[in-house]
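In this document, chain identifiers A, B, C and D correspond to the written order of the chains, with residue numbering beginning at 1 in each.
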Amino acid sequence: MPGTINVLYFARLRDKIGLEAESVDLPDHVHTVGDLLRLIETRSDAHGDAFSDRASIRAAIDQQHAGLDAELGSAREVAFFPPMTGG
Amino acid sequence: MPGTINVLYFARLRDKIGLEAESVDLPDHVHTVGDLLRLIETRSDAHGDAFSDRASIRAAIDQQHAGLDAELGSAREVAFFPPMTGG
Amino acid sequence: MNEIIVQVDEMAPDGAALTARLTDAPDTEAGTNMGTGAVATFLGICRGEGGKLEALELQHYPGMAEAQLERIARQTLSSTGATAIAIHHRHGRVLPGEPIVAVVATSPHRKAAIEAVDTVMDYLKTDAPFWKRERWANGETSWVDAKPSDDAARAARADKH
Amino acid sequence: MNEIIVQVDEMAPDGAALTARLTDAPDTEAGTNMGTGAVATFLGICRGEGGKLEALELQHYPGMAEAQLERIARQTLSSTGATAIAIHHRHGRVLPGEPIVAVVATSPHRKAAIEAVDTVMDYLKTDAPFWKRERWANGETSWVDAKPSDDAARAARADKH
């Protein structure tokens, strides 16, 4: 597992956190997308607010849809966002 | 009822009869599209051949779909043709 | 106001041109109130049948053809909730790869526009006075037979609406 | 060979241009074997909401957007039997009346092309990483919420295929 990972935010999450992306150092106990989420939401009140409505959080690992229980493995990029509204 | 009516043929019927249209004098006993058909098919062997497969004959009165039992009324134009193949 | 455009001639139907006429019209609901959220288009193309077909020749009933397209469009507007429908049906000689018919429908939301285009095509197969003759590369010609499945689809529409 | 075209940029999607790219390609089955009998097109348009909307602003996930459109097109080709699919999805600022997305599908017969366009649109709603924000004439902005009905339609597709 790499020591750091690039985390991207979109839509409401980007607005609340005020960042498009940030680099996050991964402690050893972070294995899944859900672990990463619980790590990130403690970074600031804004982060906490952004992730407070768990039901509306979706994620992708290396640009593929992923559930919160998905293993990060050797992922280089994880994105968090609300449900998509394309089309 | 007018004394004469313009009769149009399309597709296979036109090919067999060899005419796009002809004017037909209407005897008093011709009231419906079916009456007209039975009158026309006696005009020549070609006419008889064109109308021999009754199941594949469709008709229109003044450019509106009509069944064989439809009254000619004051119609000026009747068309005979096989089932349509548009689209 | 609903809007209907029908066109019957020997020109190749052009979906984009039809769409422009439907949506750019300055005094139609589709054009000016900006309520249109969906434009569905269908183009029917002459298949080459693996190189064996030289051309389709479409005979039509002038006058009745235009009247039937208009009737089909009007019926479909009321049954689907589409806001505008355009139909351009060609007659005469059509080469493989060339369009035979273009149908465009607009609506606020997707389903009505797609359903309208599909419905118009079902009706065209059975109710529009056009007859297709295939001219084969080997010199033979044959009238295309109507498909029982077309009548069934047409009947299903009539039952539903 | 099946053919897929995807395009993600700030340009207005153009159904006719996409169709030309799909059907004129010299080395695709859709273009050269003359087997294409049907071209269905769908254009999603920004509604003006009765003059209250100033613009839609579409945020997207670069890279993933293109990959997802490609995946959706590939999946839909195999589930519907369409022979070629093109998707052009816009991001950035879109004014009322302007197109957001264009989808084109070709097939030998009508049903597969229409079904393909409808299927792609269902998947785009839930699987394509775009997020719409409404900018209102009164200065307010609001992110568009995903519709439960979109998830239901998406799930129905997944069940069926």
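Going forward, a contact is a pair of C-beta atoms (placed from the backbone, for glycine too) under 8 Å apart; a residue touches a chain by one contact, two chains touch by 3 or more.
Here the structure is a predicted model, which means the values were calculated and not measured.
For chain C, the chain whose average C-alpha position is most distant is A. A separation of 27 Å divides the Cα centre of chain A from that of chain D. For the pair chain B and chain D, the distance between mean C-alpha positions equals 49 Å. Each of residues 44, 121 in chain C touches at least two other chains. Residues of chain B in contact with at least two other chains: none.
Applying the touch definition to every pair of chains gives A-D, B-C, C-D. Those residues of chain B that touch chain C in the shared complex are 8, 10-12, 14, 60, 63-65, 79, 81-87.
Note for the complex: chain D touches chain A at residues 44, 59-61, 63-64, 67, 89, 100-101, 121, 124-133, 143-146, 151. Residues 15-16, 19, 33-51, 96-97, 108, 110, 113-114, 117-118, 121 of chain D are the ones touching chain C in the complex.
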